[in-house]
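The structures considered in this document are given below.
Shared chain: chain A. Partners: chain B in the first complex, chain C in the second.
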Partner chain A sequence: MPLATELRERFNIHPDPGAAVIALAGNPNTGKSTIFNALTGLKQHTGNWPGKTVLQAQGTFHFGGKKYILVDLPGTYSLLANSAEEMIARDFLCFARPDATVVVTDATCLERNLNLALQVMEITGRVIVCVNFIDEARRKNIFIDVDCLARELGVPVVVTAARSGLGLTELKTGIDALVRGQIVTSPRRLIYDPDIEEAVARLEEKIPGEIKEWINARWLALRIIDHDRSTLDNIRQYFEVPEWGVLRERYKYCPT
Partner chain B sequence: MFCVSGINTAPPEAGPGGVNEAHQPEIRDRIVKTIYREAEAIAARVVRQTGPHRDWEHKVDDILTSRLLGFPVMFLLLGLVFWITLVGASYPSQLLAKALFWGEERLSEIFVWLDAPSWLHGLVVTGVYRTAAWVVSVMLPPMAIFFPIFALLEDLGYLPRVAFNIDPLFKMAGTQGKQALTMSMGFGCNAAGVMACRIIESPRERLIAILTNNFVPCNGRFPTLIALASIFVGPAAAPGFSSLAASFTVAGLILAGILITLLTSWLLSRTILKGVPTTFTLELPPLRLPQVGRVLVRSVQDRTLFVLARAVTVAAPAGALIWVLANISFEGQSLLARGAGLLEPFGQALGLDGFILLAFILGLPANEIVLPILLMGYLSAGTMVEVDSLTVLQNILVHERGWTWLTALCTMLFSLLHFPCGTTLFTIQRETKSLKWMFWAAAIPLAVACLVCFAVAQTVRALGLV
Partner chain C sequence: MKVLPLSELPTGQWGRVVSLKARGMARCRLLDLGLVPDTPVQAVRRSPLGDPTAYRIRGALIALRREEAGQVLVTPFMILPAR
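Right, the complex of A and B next:
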């Protein structure tokens, strides 16, 4: 079982006991960078994601006497590993296991943004959804029922207009409460077609305990069914698990 | 708004056979469908449209990205931006030049007072200071106007629409529409444009984008283009329209650059970088009113001052070097003049002259210093004149050096198309991790520049137009 800090170091997160790691996910053009800049100010540095020519930005901020390391994930529409960016975002959530993940969404096209939020919530439950551009939405006569959204998703929702700084304190408060365990989330679970669900249930049991401790077993089972080879290859980098071929044989799934 | 471009040629991941493999796309589709259905259901409960939907945005978008009007609007906007830059920059430019050359006189007085040797005065004042002052006075005002306007267009969300308009052309050229975005980045700085090519995933298309990035003028070359256009095109136009004509000449040159980008990409993707264009999704972000204050601060800080600082730090030592070359004589001729003499026949064939060609070669560290080098070369051979305005520049070029409109045109074309600056080449080497591609990135544009200038010069001369 690898150490948490060791896994995080693979993503260029330097170990800092006492600091919480927060991931910032979201579609492109949702004002993610504006939020990142507003939260971290000048305390940020940029580099590349390990082994990839994709820009990585990290920054820190303090809130309530605690230090937070904010990691800006590449802007993506999904986590299904269609591109290098999606793979990075997924791997970070999956292996570096941030203490909390902020999913930034655009209030003016919430539906499309929820696709990503739902996928993030499949990997980690420690999610806070940030509905950005709320000022823009109001101008366009779009009304968003925040309480209802929070109920539907089962995670806290914060409304922001990052460009004018609105809601950023609430966002920090939310992150803080989530990290300290004052908020317990119950993320909405996606229910797939019955045959898929059945296969997932079968597979979930067979996933070794040491992996289950680290990675959401249901999500991993879905990836195996989906034959998402890159996820399984990555898991092999971090955990001693049977070769992909063996794993596939062992968890053979034939849809009916 | 989404648009998907290109043909998806990526083959589905083929495993080593078995029942499972065949079902995979279907499983993936069903998983995605469930996610989408759920998102839709939640959104339906949470989002309410409480009033009329303001659809002016769609109407504006329809115009900006229309098949018929997209390109004319692009051209007009580009022309407008240059016009504002030209008109707005001329007065501050003169003022700045006056101030800086007043400073030169004071500096000279100090040297006289210190009884400094004349070579030191020459090196420091006429070499380093004058070149730096020239760069500042000619470049600062246009940059202080051009970059903020460009940044405002960026913040407004116009650039992705440009990419959308150009995408079909790039597809025809066998590459990817994302190249339109990296090309736009090149307008700021080609090194930045080359770095931006990282967004292109296919290595083949990324290489094409890198190799052709310098066909759009970076800000080091804009001042050269703008200055030459206002000297040679402006006066030729009807009175009152001179700056307008000059602006649209620059805009036209940029279109020519884009055309060459497409042609070269097409050639590359059919010769050394064969392949089929890959798919990409381009999201047109909503048009947003720019945050004017922040954009102004950011563009002045990040681009104007950054570029200026770089130009001055490169120009100052280069100024010293050129001064030395211009003042060390060998058999009665300065080294600079000798070099120019060697290049003269070649330059003439391209519609240029030896000094122009030499200036481009010596300007390799930074395109900003090409014009200052050229002037220093010209001036070192003749009388020393203070170049404190475009009128004086015009005098030197036209009356002392016999420039015609053809010389100006070929110089602009050569500036537009020639090899990228040293920084960009270094960036290309770092990005491609290969000296070979760095070499090609210099050789291909150089060949194109020579070819185009040669063709233009020979045609114009053969037709007897000059």
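Right, the complex of A and C next:
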């Protein structure tokens, strides 16, 4: 099995033992890049995601004596890999395994943003939801019940207005507390229909132990049921697991 | 109940999603955009060449091509002006 740093290096993240890696996910036009710029300032560099013509931006910031590497993921509506952007976002969360993930949402149309938040929470529980454009929402008479949202999602929620810098300290405090383990999340789990849940349980048992150490087995079982071939192929690109080929062949003809 | 493809919804009109004809990845994408059954959607404006069309979906303005919008079945409804 590869080391965490090796996998991260494949995404152009240089190993830095003292630093925590934070992913920034979100729908397009949620002010993700504004938050990225506000947190990292000039300490950033851009390039391409490996093998893709999609811009990658990463930067660093310090908080509470700790160094953070912030990685701006492409803006997507989903992680089901309909496009190169979605595949990058999904692979990064799955294989680079960031220490925390910030899901940036737009307060003026929060509902449509929660789809992505829930999809991210299916992969990793170490999530903090950032409700951005709170100033604009107030102008439109939209009020967000932050406590209720945090309770329903089971992860911390921070409101920001990145353009005016509102809430950024709270966001950094939240990230810091999550990475240090001072906040333990209990991400809301989506429960599917009984027949799907039964199939998931059976599949989860069959996923090799080495893979389970790396990837959320429930999430992977759901992708097998989805017949999501790109995820299954990508796993082999990152890990060499002998039984995986057998597993993949066996479930190749899963009904969609 | 009158049901028509979203692509046929006149500009300015609201419709409620009845079902999606798309399958597989195309269906997934439409669902991800927020087009699940019962969602209100408005045809906001058409581009000069008639395609794509901008739709208001759950508070965001999203452009869909005719092929994509044609996969969404909606039933038109009226919004009464506020008094």
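Rule of thumb we're sticking to: the second predicted complex is superposed on the first by the 243 of 256 C-alpha atoms of A that agree within 3 Å, B and C clash if a C-alpha of one lies under 4 Å from a C-alpha of the other, contacts with A are read in each partner's own complex, and residues count from 1 in each chain.
Quick note on the criterion: a residue touches a chain if its C-beta (ideal position, glycine included) is under 8 Å from a C-beta of that chain, and two chains touch if they have at least 3 such contacts.
What you see is a predicted model; the values in this text were computed from it and never measured.
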Partner chain in contact with A:His62 - chain B first, chain C second, else both or neither: neither
Which superposed partner A:Arg180 touches (first chain B, second chain C, both, neither): neither
First, second, both or neither for A:Thr108, with chain B first and chain C second: both
Contacts of A:Tyr77 with chain B and chain C, given as first, second, both or neither: both
First (chain B), second (chain C), both or neither touched by A:Leu153: first
Per-residue touch tally on chain A - higher for chain B or for chain C: B
First, second, both or neither for A:His14, with chain B first and chain C second: neither
Contacts of A:Asn141 with chain B and chain C, given as first, second, both or neither: first
Partner chain(s) touched by A:His45 [first = chain B, second = chain C, both, neither]: neither
Chain C-contacting residues of chain A that also contact chain B: 29, 77-78, 80, 108, 111-112, 115
Chain C-touching residues of chain A, taken from the complex the two chains share: 29, 77-78, 80, 82, 106, 108-109, 111-112, 115, 256
Chain A to chain B touching residues, read off their complex: 27-29, 53-55, 77-78, 80, 83-84, 108, 110-112, 114-115, 117-119, 136, 139-145, 148-149, 152-153, 163, 188, 190-193, 196, 222, 225-227, 229, 248, 252-255
In the complex with chain A, residue positions of chain C that touch it: 24-25, 28-29, 32-34, 57-60
Interface residues, chain B side, partner chain A - complex: 13, 15, 19-21, 23-24, 26-28, 30-32, 34-36, 38-40, 42-43, 45-54, 198, 201, 281, 283, 285-286, 288, 291, 431
